[in-house]
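Consider the two complexes below, in which chain A is the common component and chain B and chain C are the respective partners.
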Partner chain A sequence: MIFLPSLPCLATFLIPYNTVVVATGVAAIGFAAGVVGCFAVLRRRALAGDAAAHATLAGVAFAFLCSGGRRDLSVLLAGALVAAVGALGVLVLLRRWTRTRDDAATAIVLSVSFGLGITLVSGLTARGVPGSAGLEQFLLGHTAGLTRADALMLGGLSLAVVTIVVMALKEATLVAFDPAFAAASGWPVGIIDYSLVVLVAVMVVVGLPAAGAVLVTALVVIPPVAARQWTDRVGVMLLLAGLIGLAAALAGVATSALVPKMPTGPLVVIAAGGMLVISLLAAPQRGWLARWLRGRGVKRDWAEGRLLTAALRLEDEAGPFTHAALAARAPGGRGAQVAFKTLVATGAIRATEGDVVPVESRMASTHRLASTWRLSRHGRDRATERARRMAVWTEVLEVAREDARGHLTMDVPAPETVIEAVRLAAIRASGAEHG
Partner chain B sequence: MFDSGGMHLWAIATAATVAAACALTGSFLVVRRMSLLGDAISHAVLPGIVLAVLAGGRPGGALVFAGAVAAALVAVGITHLLRTRAGLAEDAGAGVAFTTLFATGVVLVTAVASRIDLDPGCVLYGILELVPFDTVPVPLPGPGSVEVPRAFLTGAAVLAVLSLAVVLCWKELQFTAFDPDAARAAGMPVAAVSVGLLVATSLATVASFEAVGAILVVAMLVVPAAAAELLVRRFHVMVVLAITLGVSGSILGYLAAWRWNTNAAGMIAVVLGMEYLLAALLAPGDGVVARIVTRESLRWRVACEDGLALLWRAEESGVSPSQTPRSWFDQWTLLWLAFRGRVTLGEGGLLTPQGREEARVIVRSHRLWEAWLGRNVELPLDHLHPPAEWVEHHLGAAVRERIAAEVGGHDADPHGREIPPER
Partner chain C sequence: MTSRPLSTADSVSTPSPPALEYHDVTVAYGRRPVLWNIDLVVASPSLFGIIGPNGAGKSTLLKAALGLVPLSGGEVRIFGRPLAEVRGRVGYVPQRESVDWDFPVNVLDVVLMGTYARLGWFRRPRAPERLLAMECLERVGLADVATRQIGRLSGGQQQRVFLARALAQRADLYFLDEPMAGVDARSQEGIFRVLSDLRDEGKLVIIVHHDLRSAAEWCDNVALVDMRLVATGPAAAVLTPANLRRTYAGRLDVLDEIGRAVEEGGRTP
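Now for the complex of A and B:
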């Protein structure tokens, strides 16, 4: 983050200095919200954060009322923070003292506190309190109203939050992934957990001017979900979530500056949503595209393997075989047709010598090229290897105990590496049963 | 056209009607633990409504309802996809889906606000106060017609449809809500019921949209139902109570907003919240007050009985009870025991005959339990006292008799002290 202070000077030639400061501040907010949000998402606190966000409006209105109508952003946000933490406290109390379940408790806190905020704001507006009309900007976010000092304060707070998260990374990760282990090792899980939730509340409040009470939770939830698609490592996820949040915030601020009267919050959220869609589609391991390709590869491999094994048996029984016989032995629709073509093209299955039917001009189906086929040497090797693996796997699954079967997957490259262990385990188990 | 009172009456009638429709739907959401679906749907219908209005639908018209239901189904579909395909937790998935859809709706509204009859403020907190101005003539049975607010007609129609659906499908709704697996095994269309509930929630949301806006609909859906759930145990009673709470809350909320000149929808949410708070505090059996009373009265009884037993043991061993230190709490229990005629004050307290009787029973319970533990549980001698110290307050005469029979002829506890007789 060292480059951030120097960024404004560089860009001053192109854009007004104030805009650059505000954009930098909002970018820092987006980054911090993404980072903190990772733990909110991992700990399933996404909607508790939403309840806290909706409650901030009431806090802002109260702070406005108490401070005598001055619109000092730090005072308003202090009120918002009190309300956000209060809302989380009420959630804890409801869980402890009533039999209302978590989902209903969240919805109650969210809607009632928001109703209180609306009541206060519109009561102030109806009485014509000067400056109260501006409070509505906290509903959907409006960065154009931010001063340079405000932006610097918000950016500074964001950096402070990121620093805290980075310093407590080990503890937070431990609690997020294995709270039972953390508790058993003597970590104060409750305190760490509450601190993380409070950090989320702080970030919700800091993000309030940028995204508004209604949508600020998206700033905390969407970037981590997008980042999660790309990586399995927490550190990388934090960084990616931060960067995605930063990019979304910048995109939202830029767009809202171009379109008059357009609130910032929805645009930031849509930008983040767009990045999430890209992540869901294109991420290398968990992305939809990668999975689809992998699935197709597995299906092809499976279809080819079935054909090869069937061909091997046919050839061993009666020499060269016809396509019809092969199709009868290993039926499989279009997938089998494609697999047969691939096998012919890769030379695993060859036409019997002297049996080549002349290729007609629009020959659609490869299998009509010849009347009988045989396996090439390399096709025979592939078929034998697959038949052997199938046999070993069948044996593994037969000797393996019921509860062990779930752990055996076809991903194990060579079944013979596990079969001894499985046999041993089976023998031990039967020994334990009888002895 | 209207006098002021009549206008307020129409606004109140509209609020009460949509509150009833929401509470009816919300009861099912709450018992099925799907409250957050209400939250998600109320946000997600916005782009559907805006697009329908852009396509030429009138607010409250069939096209708008269709658009809203479609948008709700899209939101739920996206949440489902995120959960099954991307392995996302349900809350994060819903959070992603509805915020994005709502943001899209807000941007659409802001971009085309000049062309359509919606603005961001109305989307967020409704315009209940303006509902009576948008009327359509409804022909009366006799000659002439009466001007009725459109929002009221929409709300009433939705309420009628939903009530009819609930009455007709009551058995299915109840069965699938409380035991979906058994319902599936019994051949009930569980998935169809879920989709139906989804559509019902969208309808209630759209009907309430104009009156209270997207977010406060959640209050109408969830809060009365959750409050009713705290108060009663039987489901059909809960539904009726939820509707009652929703209707009364919206009437009170409107009046309060009128009195203090503020937003009616917000005030309705606040009043509903207060109703929930009262229910949580005063619920019979397990409300906060009932729990505290139960706990503290037990604590008080235990302290009184401990005080009596202490005096009895002091008499037994011939020690003056004034030598044992007492906390202020125990001082109060001593005063109470004196007031009840169990002890006389002075010398740290002396047992009256009646107090001696009661104290003997307590000490008997204590020592019987120690004797029973000593026989049947392998515990070292110094571990027998703490459990007996707790159990002595909970043994009835019948249990004491059984333990005495089981322990047999022993007249002493494992510490060698005599077990006092029952009477």
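Now for the complex of A and C:
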């Protein structure tokens, strides 16, 4: 590692200048891989990228042989790119000319090309060909070996790739979402598709020093999947995926800087995986936690609503009611029992002996003590409003199921807003009829 | 519903060529033919229904005209020219199931896709395109959900988003592949109304449709297809028990239903 302490930049007091350049380059790689990966994931081509990645090792070994044992990174990566694009070509041919299925074809290309690469690299190192030992670094990634020139080249390529994707965002989105419509309106879907796949191949190759042939796909696939959790817009997804990829790639640089001889790929993947787990769990709309909470809240509210409506009817028919009568009217197992306790605790349902029951007593004993129950004033209001909404909704759905259904949720929103929307739509439709 | 002049080859005395012509079109998937020697000429304007049983090649008939499947033989001409020269005048509504509705775009984004072909490479939609897209959404009654993610729509709303996207293409000839699939009666009427408006504006609307009753009610002309072209012409003249029996022959389960539909359709003028 060359140490250049000459520049009077603050970072150079703490980190060698060379490391700063390399870190910037690798960050650009991570960003670009995440951006390009979005379309691979949206178009369901993630595995093709993996096949291309595994093929790169054979390309690196060939390039090493052909260049007479020099270890010039750009030559080795050029070989890797040829191999990656070649693997994708074989994949397309397998699909088109044989009747091999997509997943099987991908697995075949991946394993065969990787086997070839491993054979070549092991053969070279076993014979002790000078310089061949370093080839293994392409297996799992090793950013410490990058020179400033290497980092600039890789970072520049990454920026070029990002520029192309951002420029063609409209075309790429169209083809990824609806290829048949794109083709019917005259877009060269095949060319756009293959260009995107080639860009993925380029990023897989450029990402080799950061994550290695085995793991570099993670840099292309994980950030987009994580980013998708946080947004419903393609543009935002691209940006987030880029940032997540950038952070993951920097984790690799940190490993190389702190622990010599440690491959960077695994840490890059672990960092990306960590961010993915957080995204899958904690994202506000699509996250598991949010969906679980929503689901639980929905169940609880629904159970409470059912009990209230049933209680209202019971009370209107025959005054105060027993717990057994209510349970018979609105059966629902444990959920209904929990809901009943909540309604008692929040004061929507009160015991008829009412205030005799100590508030701080355990809920279980509360309803053993009381024999009959009644709705409190606010419990009655809640129940009446819910019953009214349910009745109106039934009517609205009768008249305009399609339009109304989009507005109906399990918390039974006030139907008035829907009626307004449906009415407007009807007016518009009749206006179009006359217009 | 007034019946329109029959659109057959002998009415080509008009100066402009017919909007859509199939000449001897045959399409095969592998060795299995899907369309067999289709000869069909449709003049504009019309709301034209393509009717037939499942697997009859109805969708393929559209895809053949749109260049989405290779022809084994024959040729399709649109406005008297090959498709490549007139793509800008052709709009398309694919089947709803053909796309991933979890895709990260909102309703307006999808409708804007209808303007992409006119914009050309790398140019982004701007204010005029947005305005047009909103008008198209307005027309199908979806302006209030413009910013909603497309997965959070009902099936009928999704169909109407696709229709709005086709409207944004501002075409003269529209192909719609099963636009009523998964749509309730009220939405269906709304969609049919937009389509017949298009016809009244002088456009040709070709619709693959499975429901004979509403086809008889809304389409002025129809073609009965079952791999080959069974019959074509004004809906009332084509949807006869004899023709339907020829089209649906061997599919006994649907014959009863057809019989009923035809009897009811026969009563409407």
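Keep in mind that, in the parts below, the second predicted complex is superposed on the first by the 346 of 435 C-alpha atoms of A that agree within 3 Å, B and C clash if a C-alpha of one lies under 4 Å from a C-alpha of the other, contacts with A are read in each partner's own complex, and residues count from 1 in each chain.
Methods note: a contact is a pair of C-beta atoms (placed from the backbone, for glycine too) under 8 Å apart; a residue touches a chain by one contact, two chains touch by 3 or more.
Computed from a prediction, not measured in an experiment: that's the story for all the values here.
When the shared chain is aligned, no partner comes close enough to touch A:Arg296: not chain B, not chain C. Of the two partner chains placed by superposition, only chain C is touched by A:Val234; chain B is not. Residue contacts after overlaying the shared chain place A:Ala180 against chain C, while chain B stays out of touching range.
Contacts of A:Glu171 after superposition on the shared chain: chain C is touched, whereas chain B is not. Ranking chain B and chain C by residues of chain A touched puts B first.
Residues of chain A touching chain B in their complex: 41, 44, 46-47, 50, 54, 94, 97-101, 103-108, 110-123, 126-127, 136, 139-140, 214-215, 217-218, 221-222, 225, 229, 259, 261-263, 265-267, 269-270, 272-273, 276, 280, 286, 288. Within the complex formed with chain C, the residues of chain A that make contact are 42, 167-168, 170-171, 173-174, 176-178, 180-181, 183-187, 228, 231-234, 237, 400-403, 405-406, 421, 424-425, 428-429, 432-433. By the touch criterion given at the top, residues 63, 66-68, 84, 87-88, 90, 92, 94, 98-100, 103-106, 109-110, 113, 116-117, 119, 121-125, 138-139, 141, 144-145, 149, 152-154, 156-157, 165, 169, 175, 183-184, 186-187, 190, 193-194, 197 of chain C touch chain A in their complex. On the side of chain B, the complex with chain A involves touching residues 30, 33-36, 38-39, 82, 85-89, 91-92, 94-96, 99-100, 102-104, 106-107, 110-111, 120-121, 124-125, 215-216, 218-219, 221-223, 225-226, 229-230, 257, 260-263, 265-270, 272-273, 276, 280, 283, 286, 288, 291.
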